[in-house]
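Both complexes below contain chain A, partnered by chain B and then by chain C.
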Partner chain A sequence: MGTMEELRALARDLLGSGRVQVVIGYENAPRGGGVRPAFITSPEDADRLVFDDRCKNNLAVYLQKKRKEVRGMGRPAIVVKGCDARAVAGLIRDSQVHRDDVEMVAVHCPGVRGEDGCLDARCSVCDCTTPELYDHLLGAPVAASQEGDPLGESVERLDQMSRDERWAFWMKEMERCTRCNACREVCPICYCDQCVQDKTIPRWIDSSAHKQGNLSWHITRAMHLAGRCVGCGECERACHAQLPLATLMRKVRDIVEVSFGERPHGDPEKTSPLGVFSLEDSDSLFK
Partner chain B sequence: MERLITQDNLKKLIESETGKHTRVVAPVRSEKGRFYRVISNADEMDLDNAGAPPERSLKEFFFPKTEILLSYKYTQDGVKMDSPQDPLPTLILGARPCDARALLLLDKVFGWDYDDDLYRKRREGTTLLSLYCQSEEEDCFCEMLGSSREDRSGSDLFLFPVKEGFVVEAVTEKGTQLMESHAGLFQDVGSAVRPKASQEQARVVSDMDALTSWLAGAFEEKAWANLGIRCLGCGACAHVCPACHCFDIVDEPDHVKAGKRRRNWDSCQIPLFTLHASGHNPRSLQSQRYRQRILHKFSYFPERFDAILCTGCGRCSRACPADQNLLAALEDLWSLAQQSK
Partner chain C sequence: METQEAMEVQTTQPEWTPAIVAFVCNWCTYAGADLAGTSRLQYPANVRIIRLPCTGRIDPLFILKAFERGADGVLVSGCHPGDCHYTSGNFFARRRWTVFKSLVDFFGLDERRLHFSWVSASEGKKWSEVIQDVTDSVRQAGPFEQYPGRED
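This part shows the complex of A and B:
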């Protein structure tokens, strides 16, 4: 049985038995030939579910507490790729969802592709084609589609720049940002009920979309996610102005690895590097 | 009046207009996509009118994503306030009809019960040259809303790409004046043949007036819960939309004694939009916020201003990170409307 048939049969079973009340997965979008998030609530609709290399969305975002209407649908099953499973692990780790309150349906994933058939940059050097956290694992193991490391190369290019050149690069990118917050809303780990950007007493981050406000926002977001970002790349996909956010988060990941010896993983029990102060943490920062 | 201009002469026209007394805006293609941008020379522009319109609309040249309303300073003689300077005259070239048309919608709001002089001065100081559109994008639906690839509304001049360059039609007095001031660059249209679209857009709603009427009574429909279920409440749709115009006003201190009051783009899709100081939020659910977007555009605005607050450019559907699609939503609502007859 192919993965898609397995998935539909499992969904039918989980819904029919009442084990879950909603299956959060992907379905064919009614227009345009892509996919869109699906919320399947009855077994008869399970055939709407699909899974293939168009399935870019990180559906873990729908498990956040602030997604009240999705929460109101009942106990969810969620279709997860490797990166998505790590995001769910992050939500569990940060007490945003209980492990028991979500049925994880994992699928092996060799990477997602654009309409042009090219592998998404975020999927190069993937180390979780087999998701690490799940209740059900569908399909057969697949090899990662190693097609270079565009994100690593972008980071490398930036690292080679002088500080002034790098500053000029980011300020040019910041010109296009309008503070639409797509990057924030699409990120499963940006689950805060009151985002620091929206705080007005006092106002820490200017909400205006001028360069300094935009820079404050993106630096703060990167810092708040450090050690918890799973590298799913959704922030960059969501950005209508095509800011290189996945490159920024890759650099943050690299810094976290150097400072704490840790990379994104799928274990909800393991504390996040910046979430806990350990006496063993390097103090090279304090020179 | 209609005349022909060659590519080279069009560049000459732009070059003579570009400079410190006029800013020129045109679509520019970069590796980051296509944007309307201020250009400093004619070679930067990309008048390719196939494919989707630029990522964002023209509204940021009239209603910027952030703009200073006033600056204030505490002095010995009290608080001194300064208004922003008058804007530079602007020439916009290569606008898509859906973007030009949207300005007429913004005009209704910014000139309604208050003379928004910041907006008005930019509009008065701008000459708009639109370009015949050859987009074949599935998400485009300007025709369904009564517009077309050659809709001249909102434009001062309308350009049709032809083998010899462009056929230029004057639409307004301002457009005629621009042509006359560069008369030497134009020539007879001769036998130039204007382009014709190869296919019509899909029309998922056959009667927009009927849909608008039905929506007036659709507030309590259960369908809204499903229509908005995947919406993440970001606001990208409002930012890329040529017609969305809601804004937030903030005061930003430079230091204790001086600062600026700014107006910034806002969106009804974010929870914060209707959050009261008491903590109550009349639109606390995403489906309520999504309903608001649809009803504002297709029911409330037509009721007040006799026009749909949408030009069918399709950007919201393209920009949405959660794959919400406006045409798909309208299709669903239309089939509900027809069932209820």
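This part shows the complex of A and C:
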């Protein structure tokens, strides 16, 4: 039995037995040959579910408290890849969802690919092809891709630039951002009811698509996600201006790892690195 | 003659003084700065102090806002580790600033513009030295005209 059949049978069973009222997964999109998120509510519809390397969306975003239309559907089962499972773990850690209130259907993931068949940059050097948190684990273990490390390389390219070159690079990038907020909406960890960039009194982050507010927004976003970002790379996929957000988040991951020895993981019991401290933390920054 | 020339230069081209914003905690650095004042210690007068309850209360957005509104340099200062009035605020802050500093480095922000220090209530002398250091360093970096929104 293939992964897809396993998934459909499990979904049928979960919905039929009443353990869940909705299965959040993927289905073929009506046009374009891609997939889209699917909300399956009856066992008969379970055959609509698909899972393959086109399934890029991090569905954990639908578990956020603010997705009231999804919450209203009842107890969910959610199809997760390794990185998505880490995002669900993050939501559990941050008390956004209770572990018992979600049925996690995890799938071994060899990485997602574009229409051209190329592995997405975010999936290179993946360390979670086998999901770490789940109720059901489908498929067979797969080896992580060793097709280079494009994100690491672009971080290194930027690191090797002079300070002024880096500044010029980012200012050029900031000019392109239109502040559509797709990076925020698609991120499972960006769950605040009121985002700081929507606050008007005081207006901390200028809302117009000018590089001043754009710079504040992208630095703030990176800071808020530091130590919590799971590296699913959805922000970059959603960005229609093609900002190198996955590169930025990789850099943030590296900073957190170098500074505090913490990497993204699937343990909902562990506090995020910026929510704790150690007496032994480096003091070299301070005069 | 030489002095007269120098004076003329000064009157026609006044020396640029950097605008520096210092975010300090109420319990240590603010008191330290106060001590520097009551001890009549001299230090550059171009620092604007903003007093907050704790370094843990200082959001990275404060710093970005300061740069937006015309600061050429920013200093963040609070109680020494272990001396926090709220026990652990500065430990959390230390982690936050460690990440923030590396992050803005990655954006290419001139490191001479952003400084961090621990100054206790008894370290009036250290405060004046820190301000001297920070001012020298920001002066070297020059006006922060390239910050977006400020060049136009």
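The rule is short, and it goes like this: the second predicted complex is superposed on the first by the 277 of 287 C-alpha atoms of A that agree within 3 Å, B and C clash if a C-alpha of one lies under 4 Å from a C-alpha of the other, contacts with A are read in each partner's own complex, and residues count from 1 in each chain.
Criterion: a contact is a pair of C-beta atoms (placed from the backbone, for glycine too) under 8 Å apart; a residue touches a chain by one contact, two chains touch by 3 or more.
Model, not experiment: these values are computed from the prediction.
Just to be sure I read the superposition right, which of the two partners does A:R176 touch: chain B = first, chain C = second, or both, or neither?
So A:R176 only meets chain B here.
Identify the partner contact of A:A238: answer first if only chain B is touched, second if only chain C is, both if each is, neither if none is.
In the superposition, A:A238 touches chain B alone.
For A:S42, is the partner it touches chain B (first), chain C (second), both, or none of the two (neither)?
In the superposition, A:S42 contacts neither chain B nor chain C.
Should A:R184 be classified as contacting the first partner (chain B), the second (chain C), both, or neither?
After superposing on A, A:R184 lies in contact with chain B but is clear of chain C.
Look at A:D283 in the shared chain and tell me whether it touches chain B only, chain C only, both, or neither; answer first, second, both or neither.
A:D283 contacts chain C only, not chain B.
Where does A:Q146 make contact in the superposed view: on chain B (first), on chain C (second), on both, or on neither?
neither
With the two structures laid over each other on chain A, which partner does A:R31 touch: chain B (first), chain C (second), both, or neither?
A:R31 sits against chain B, while chain C stays out of touch.
Looking at the overlay, what does A:H210 touch: chain B (first), chain C (second), both, or neither?
A:H210 sits against chain B and chain C alike.
Which residues form the common part of the chain A surface touched by chain B and by chain C?
Overlap of chain B and chain C footprints on chain A: residues 206, 210.
Along chain C, where are the residues that touch chain A in the complex?
For chain C paired with chain A, touching residues are 60-61, 64-65, 68, 81-82, 88, 91-92, 94-111, 115-118, 130, 133, 146-149.
Mind pulling up the chain A residues that touch chain C in the complex?
Spelled out, the residues of chain A in touch with chain C are 158-159, 161, 163-171, 174, 196, 204-206, 210-212, 214-216, 219-220, 222-223, 226-227, 248, 251-252, 255-256, 259-260, 273-275, 277-279, 281-283, 285-287.
For chain A, which residues count as touching chain B in their complex?
Where chain A meets chain B, its residues are 29-32, 34-37, 39, 57, 61-62, 66-70, 176, 178-182, 184-186, 198, 203, 206-210, 213, 234, 237-238, 240-242.
In the complex, go through chain B and note every residue touching chain A.
32-33, 35, 55-56, 65-66, 138-139, 225, 228-230, 232-236, 238-240, 248, 250, 252, 262, 264-265, 267, 270-272, 284-287, 317, 319, 321-325, 327-328, 331
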